[in-house]
Amino acid sequence: MNTLQQYLDKLQALNFKDMYNGDFFLTWEKSDDEIEAVFTVADALRNLRERNISTKVFDSGLGISLFRDNSTRTRFSFASACNLLGLEVQDLDEGKSQVAHGETVRETANMISFMADVIGIRDDMYIGKGNSYMHEVADAVAQGQQDGILEQKPTLVNLQCDIDHPTQAMADMLHIIHEFGGVENLKGKKLAMTWAYSPSYGKPLSVPQGIIGLMTRFGMDVVLAHPQGYEVFPEVEAVAAQNAQKSGGSFQKTNSMAEAFRDADIVYPKSWAPFAAMEKRTQLYGNGDMDGIQALEKELLAQNAEHKDWACTEALISTTKGGKALYMHCLPADITGVSCKTGEVDASVFDRYRNPLYKEASFKPYIIAAMIFLAKFEHPAKLLKQLEDKGTPRVFR
Amino acid sequence: MNTLQQYLDKLQALNFKDMYNGDFFLTWEKSDDEIEAVFTVADALRNLRERNISTKVFDSGLGISLFRDNSTRTRFSFASACNLLGLEVQDLDEGKSQVAHGETVRETANMISFMADVIGIRDDMYIGKGNSYMHEVADAVAQGQQDGILEQKPTLVNLQCDIDHPTQAMADMLHIIHEFGGVENLKGKKLAMTWAYSPSYGKPLSVPQGIIGLMTRFGMDVVLAHPQGYEVFPEVEAVAAQNAQKSGGSFQKTNSMAEAFRDADIVYPKSWAPFAAMEKRTQLYGNGDMDGIQALEKELLAQNAEHKDWACTEALISTTKGGKALYMHCLPADITGVSCKTGEVDASVFDRYRNPLYKEASFKPYIIAAMIFLAKFEHPAKLLKQLEDKGTPRVFR
Amino acid sequence: MNTLQQYLDKLQALNFKDMYNGDFFLTWEKSDDEIEAVFTVADALRNLRERNISTKVFDSGLGISLFRDNSTRTRFSFASACNLLGLEVQDLDEGKSQVAHGETVRETANMISFMADVIGIRDDMYIGKGNSYMHEVADAVAQGQQDGILEQKPTLVNLQCDIDHPTQAMADMLHIIHEFGGVENLKGKKLAMTWAYSPSYGKPLSVPQGIIGLMTRFGMDVVLAHPQGYEVFPEVEAVAAQNAQKSGGSFQKTNSMAEAFRDADIVYPKSWAPFAAMEKRTQLYGNGDMDGIQALEKELLAQNAEHKDWACTEALISTTKGGKALYMHCLPADITGVSCKTGEVDASVFDRYRNPLYKEASFKPYIIAAMIFLAKFEHPAKLLKQLEDKGTPRVFR
């Protein structure tokens, strides 16, 4: 473990001044320095907590969580992050169906924000909606503060939208950095983001998109693999390609899982729904066409079933670098013979990687807290140092 | 903005000693000094928060919220108020249908209050029930403390009952005071509380009743306007008439929206259900007569539809004092062409007043916090001064 | 009321070092010293709170509540205990039907625990499931901490399982201790834990089992009374018998309520479902046999109805020691003529004992807090003293 001072030194060298009073929507809207700042603050906050030093920078204040979907993991990660900083979580339940617009969004955003320091939104169900909804909310509260209605502008944290899942991808990346002993060791490493078979349908695209949109920034050779027909957003592929070029890595696509796994250092096999199907589903929901949705679901499950061979088996893992690529997943995984008959991964593979998988997940609360921290405080390094100096114990013993 | 000292000086001149250890049910049960004390403490708390000074007077303790209805706004206002003072909110969900009585109320009230410092209740659905339920709860916990069961008596805050909506009316009034530069400038101002058409049915009477029951205390000329058949509780009209006489203002009724708006300084156009219909609905619910309820709803919607001309149009606004009366609403409003085809207010009127409307709403958390503060602390002025002197930052920067 | 120092002195004489970093499942898994330590810390925490001294030992951290059942009382007791110590409650709603196993439990337990200091579980619906589920969770997080995933191991508190209801039984016992002026006065006292008729069906066995499993440890003469066919777990009866032998008291069974009440010092009349029926219900639920469940319910209600004479009447109370045994109940009770036509207790009896009943309940938050305190802190006496010395007011006045 580094000392806190090492993190502070790193922060001093980075330019992240535009994050102050900002929001976090997509990783590729942030500069390399800003991404690095999130990792560094996350590590610093964890360092303090592990030494039983309180990082409660808010004496009072609310963190609003707005989920269109049930979500145990992200919900608890957000709650943990808020609690770590001293904010009390209040859930806003809008229901799944009720996608508000315009006046209603503007009004509700302000009405819940009189004492809110952060709003975390998960809205990943409908293509073309989630991210734009988040922008509506962020614009509304920015305007609210400008107009003298809100005493503070709550920062918006994207807890998963239709395009990106930044807190997941960032937590995953911080895990990789720790596993490989630093970002400087990642150049030339091969990461395979591959589709895998699952008996369920309609898993969000935001995870593979988040992964290729972020992991291509570190000089790695990133491969996106999926059966034909499981394409992700073309815009995000373009982002990945640009990133790779800039970072000195590469971004390639293939329809062969075997090719993607061969000599890979990191593998991320996971099911998702085809982009085109998700677009169609969004339209069907928009029209309230429930018969159409059932028909689509049936069709997609049939399509999935043609690709049961897309699984992270022991055989496939043995073809990776030294037979021991780092296996990653956002969890929960569909484990063959455990959570389903045939799934994304062999039980023995999952078993062997359980600890790293749990560790991977453990970074998320800190990533969220770091995003809040950088948006709310102009001088985070100075503040972290003050917290260490003050040394209020998290648990008074 | 005044200095904190100005608020403290004002408090010194007021007699509000009976509020200590008390509850807040109806504004007209409070003296003028007590009402003034709530406004003053609300302003003082806001003053401290805006200067980043913590007002967390509770190190631990619970604020219980009990809503029979869904309510985003009031729920968040209550949560904000509790958080501002250091109380953690716990929601008690009793469900809409389950109107408890007697033994159950007494027992539940005590069981949830072992560590509760405040209970906020919204129960506005049934005529003759909400307010009396609140009294049952308040009596139970007062008895509980007397009997040595509760270490503290939670104060009860009426977050909307069948008779009054004191936190709304008080927030509205504090907004007026700020807009007009002080309560001393209100004498002779004309306020029009008028019914307006909405395509929905059964909106509570507590808002217009709360408004006429409170706004008549400040020397204003208050006019209540509605179509025939939309009468409010006669008891509250009597309160308004008495208030007006005492304050040197007036209280008048009319069946003409135009008359109410003419030369008005403040207009509050809003839909509500007829008192008689609400009484009938309460009986039908009591008898579980769902067919009767459907029939009543149909009848009321038809009755409403006869009064679509009751709308806050640009034409009507132009007849107010200088064409620019302060437009008020408790939100959400039914905006013509935005949230419905024909509603309470023209979109262009609403647009022009959006900022004042949001500001109006922003007072509610502070009003609730002030009610709690005055019930829990014997010497609020001294305590506010201590908070300023201590100067614990709300956000540690 | 004792002074804090008296409690600290008592703690010094007790051996409870194994509670540190432990969990609380069943009272009979704890030594006499450990049980005594819980009572003593509960009293000490109450002593501090009553003197307005903050016992907030956690500056941040989460308390996770996981309920398979709705539960106002236990939920609020847990929330109160967490709040008293500085932990913010987050509810995990898994739904009633979804009884997770193996991989899912292990994973979820870790995912919610990154910043959790306590997990409280209520899972009492299915015989043979609740307690073992709690162990699965506790094992998972213990492993998680060992593997370096969790920075702290959350302590598990059993908020009611299929076998025991330790926080209820302990709160009941602490109430008895206070009513009788000390544990030293209990030797030879007669306690009657008896079945009583209720018009509802399927009330958990964990209360009578918890009572006979704990109350037999203090030298009392404990009688378990119920109609034939309402047997409790034989394993718990064996525990009770052993306890009685060791403590110098007695444990007897009878099928006569009158016999149990005769000369009793304490009576605890309460409905429960037969063990065998609960086992059958568990199987039916497991098979999704809803018709079977309805048939079973009907059968059980008919069986109950044969024993309407099992009620805590005035006549029966008059046969207790001096006609004034301490009447106890976990609440809510089925009160004849109040909450039901024929129930567990006469209204006049309940009325007379309302205050003691509420006091009985008031110990539960402190019992839960004490269980957490003893699991999280190695030197509780020292810490309690420090809290007193620091003297941070709970309410800043």
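For this structure, a couple of remarks:
We just call them A, B and C in the order they show up, numbering each chain from 1.
By definition in this document, contacts are C-beta pairs under 8 Å (C-beta built on N, C-alpha and C of every residue); 3 or more make two chains touch, one makes a residue touch a chain.
This one's a predicted model, so the numbers in the text were calculated from it and none came from an experiment.
Interface of chain A with chain B: the two copies contact each other largely through different residue positions, with under half of all numbers used appearing on both sides.
Superposing chain A on chain C by their CA atoms means rotating through 120 degrees, a value rounded to the nearest 5. Centre-to-centre, using mean CA coordinates, chain A is 41 Å away from chain B. The residues of chain A that reach two or more other chains are 56, 88, listed in rising order.
Within the complex formed with chain A, the chain C residues making contact are 56-62, 88, 90, 92, 102-104, 107-108, 110-112, 114-115, 117, 144, 147-151, 376-379, 383, 386.
If you check the complex, the residues on chain A that touch chain C are 49-50, 54-56, 72-73, 76-77, 79-80, 83-84, 86, 88-89, 331-332, 335, 338-339, 355, 358-359, 361-362, 365, 392-397.
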